[in-house]
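In what comes next, chain A is part of two complexes: it sits with chain B in the first one and with chain C in the second one.
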Partner chain A sequence: MTLSVCGLSAVRSGRTILFPTDISIEPGARIGLVGASGSGKSTLGHALIDALQDQGARVAHVPQSPDEALDPLRRMAFHWREAEQALGLPHDAARQHALFRALKIEKGDLRKRPWGWSRGMQQRFVIAMALVGSPDVLVMDEPTSALDPVVAARTMALLEEYLSTRQTAMVLITHDLGLAAQRVARLMVMDAGRIVEDGPTSDVLTAPQSAVAKSLCMHRNWLELPC
Partner chain B sequence: MLELHGVCVRYGKVDTLCDVTLCVPAGQTLAVVGESGAGKSTLIAAILGLVKLAAGQITWAGAPVHTCRPSLVMQEPRAAFNPVLPLRRSIMEPLTARAEQLSDARLAHICNRLELPIDLLDRKPGEVSIGQAQRAGILRALIAGSPLILFDEPLSALDAVTQKHTAQLIADLQDEMGFAALVVTHDLGYAAAFGDNIAVLRKGRVEEITPTHAFIQHPKSDYGEDLRQAAFALGALGYGA
Partner chain C sequence: MMRGILGLLLRALVVLTGTALATFTLLWNAPGDAATTIAMARFDTLLSDVVVAQVRAELGLDAGFWPAFNSWIVPLLSGDFGNSSVTGRPVWPDLVSAISYTIPTALAGLAIGLALAIPLAILATRHPGSWSDRFAVGIASLGAAIPAYWLGLLLILLFAVKLAWLPAMGARTPAHVILPALTLGLGVAAALTRIIRSGILEARRQPFLPAFRRRGVSDRDLARAHVAPHAATPVITVLGLELAFLLEGIVMVEVIFSRPGLGSFLVTAIGARDFPKVQAVVVVTALLFVVINLAIDVIYRLIDPRTGTQDA
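Right after this comes the complex of A and B.
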């Protein structure tokens, strides 16, 4: 079922940081939300999560850094139990094992605290936690920017493989059009709190309409810079 | 020319850097890439004299490296400045410490080249954008006039467009001033676009030092190839490996 939200907006300190925005998300969609720092991407991501949850949809969020998701004083097993309990799910060892295997963290020691795991494994654990309730939509806010490129590429490939047989839609928030272009079929370009362009990735890349999309396209590849 | 010969740094029983030998000629850029924990930040700390060498030596033009007073541009632009002082105070500190003066014309010139309005320097770090704060960090490194500037992930806090713009500003200033640059980065795209040579550091050892154009075609080390593949997968080098 396609999920739709209308009129998402946000105001902070009297300033509108997100103008009324409508979004529809089809099952299994791969959507990239791109734009410069301060363009309102994360704000829209948060508003989207709240609005979808209010509709009763299952939404999960993966933050930029595992530090934001994991309590350094708690063992990994506690985090996992908490993720299950938050969704009212009973503990299911088979489900846990399947997710851990998919994200290649089955060798991680759950008795350890987050800092006993590498950052790449921590972030994959956070992604596994987000997937525990088989969400309708997975909102990922710069999920790989805190990781090594090698680890980042591997993490995205594992996630993509896991999602390929499922209905979960993914919203990937990033400032990096090059990254989004590799991963999503539909791009939404944001500027100053508005979506200024929304279309198939190939259209946006080959014929960007807005000034900000043109600038992002020109700067998407380090080896073909306009200057 | 910056030269490292057989440099080892040991934390307890662990060799964080092991037999590192490399050089960066004046006017050139060496990009140092490698995974987290490879020893990239320790390399910078060693050149700055912040950690003791267990073996080896680090020289600039044959003399101990501290004689050239290397400058550092840090990763987190806002955290690199005292949050309660105007940027100007922090930027001038290297000169104030040496009781040196900087002419207004020189300051205005470098600000202009960095596209940094000079009145912005009277603001505090939290009152400017991250991109502006990082350009102020570069300004601080440049006005000290050092022939060697170390960059520790200088672009990772910036967005994709600002990254490329800032990288170009650094390259233009390097052409003008001729400093040697050692850039530690995760981003092979940046390394490929602006480095003369790429050094791969892994587990404290230099696995290869290769001219950039050769590296992009065919890295010599396995980890270099992993990095190259990842850069394609992440879109940093274009589309399709």
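Right after this comes the complex of A and C.
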């Protein structure tokens, strides 16, 4: 079932940082939300999560850095259990194992606290935790910017493989057009709180219409990173 | 680990020797003649120079600072606190009996302090800046501004004199501990409320909390499982310092309420220049501090094992 939200907007200290925006998301869609810093990508992401949750859709969120997703004083096992309980799910060791295997973190020691894991593993744990309730939409806010390119590429590949057999749609918020180009089918370009361009990734990349999209494409990091 | 323990022991040794030496020096150099004061405390009357000279020789006060200090500290190394200069009785049994009065007062004071401070701080942080916050902070500031000796007298006036609900002086019944503990507790609560309040506000700013909320974790679970431990870390650190103030305050409170204990023990001993008694209190208090700080260190590391990984 296609999810759609209308009139998403946000005002902060009297200034509009997100103008009314409509978005529809098909099951299994791969949507990239790109734009310069301060263009309102994350704001739109947060507004989208809130609106979809209000509709009763299952939405999971992966923040930019594991520091924004994990409590350094709590063990990994606690985080996992809490995430399950928050969704009202019973503990399921098989599901946990399947997710850990999919993201290649099955060797991680759950008795440790986040800082006992590498950052790449922490981020993959956060992604696994986001997938625990089989969400309809997974909103990822610069999920790999805290990781080195090789780890980032591997993480995204593992995630894509896992999602390929599922209905979960992914909204990837990023300023890295190179990452988006490889991972999403539809690109939305944001500027100053508005979506200025929305179309298939290849169209936007080859024939950008708006000034922002053109400049983004020009400054795209063409260095062939593995991602 | 071994290095850590050795470091702690070494630190404890430095603290203990330092405090023992410092108080001995102060007491030795205090104005007035020590032997005369001791002799007067002993016989409760003015005495001839002959008797004073006798006391001086008997206690080794004529031998100079270092021999006197050594004759106190050497037996202590084998656990002997020596005999009172005034009564001649061993210091240790009297000290134990004094401690047995002080510890319950201190613990009750701390318990009252925490029992008041935690709800007040939670009330204050429910709506920061609101009237309830200002009320709680106001109460806390008021408590911090009132000195223990005045507060103690006010409490006596209200509960013992006017209402006649509670006994004021002595330590005959368990009810006698209430007013002294309340005096201490109100002071402790004042300082702790502000620290717990800012601890909670600080903990609420942790960057990971929005993600937990989006994950569906309820506000109640968030407060209990994530905000509380982060708020507790600064509080535990301060709790050690707070215990220092508590021991300081207890001397005053015990004197105000004529309650036997370490405070009155110390005040009498200082008045009579009873070196072994004063020194015993100082050593025991310093030791208590070392143990409390050690315990805080351990608790701190249990909550946040990152602490202490670089520094033993």
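General observations
Rule of thumb we're sticking to: the second predicted complex is superposed on the first by the 221 of 227 C-alpha atoms of A that agree within 3 Å, B and C clash if a C-alpha of one lies under 4 Å from a C-alpha of the other, contacts with A are read in each partner's own complex, and residues count from 1 in each chain.
In this text, contacts are C-beta pairs under 8 Å (C-beta built on N, C-alpha and C of every residue); 3 or more make two chains touch, one makes a residue touch a chain.
Note that the coordinates shown come from a computational prediction; the quantities given were computed from them, not determined experimentally.
Touch criterion met: A:A157 reaches chain B, while chain C stays clear of it.
Shared-chain residue A:D176: touches chain B; no touch with chain C.
Looking at the superposition, the partner that touches the larger set of chain A residues, chain B or chain C, turns out to be B.
Of the two partner chains placed by the overlay, only chain B lies in contact with A:D148; chain C stays clear of it. When the shared chain is aligned, chain B comes close enough to touch A:A36, but chain C does not. By the touch criterion defined above, A:A69 lies against chain C but remains apart from chain B after alignment on the C-alpha atoms of chain A. Within the superposed three-chain model, A:A207 lies out of touch with both chain B and chain C [touch as defined at top]. By the touch criterion defined above, A:A77 lies against neither chain B nor chain C after alignment on the C-alpha atoms of chain A. In the superposed pair of complexes, A:L87 makes contact with chain C only, with no contact to chain B.
By the touch criterion defined above, A:V11 reaches neither chain B nor chain C. Put simply, chain A uses no single residue to touch chain B in one complex and chain C in the other. Residues 49, 53, 60-61, 63, 67-74, 78, 82-83, 85-87, 113, 115, 129-130 of chain A touch chain C in their complex. On the side of chain C, the complex with chain A involves touching residues 206-208, 210-212, 214-218, 221, 225-226, 229-230, 303-306.
Contact residues of chain B toward chain A in the complex are 35-36, 129-131, 156, 158-165, 168, 186-190, 192-193, 216, 223, 226-227, 229-231, 233-239. Of all the residues in chain A, the ones that touch chain B in their complex are 36-38, 118-119, 144-145, 148-154, 156-157, 175-182, 215-216, 219-225, 227.
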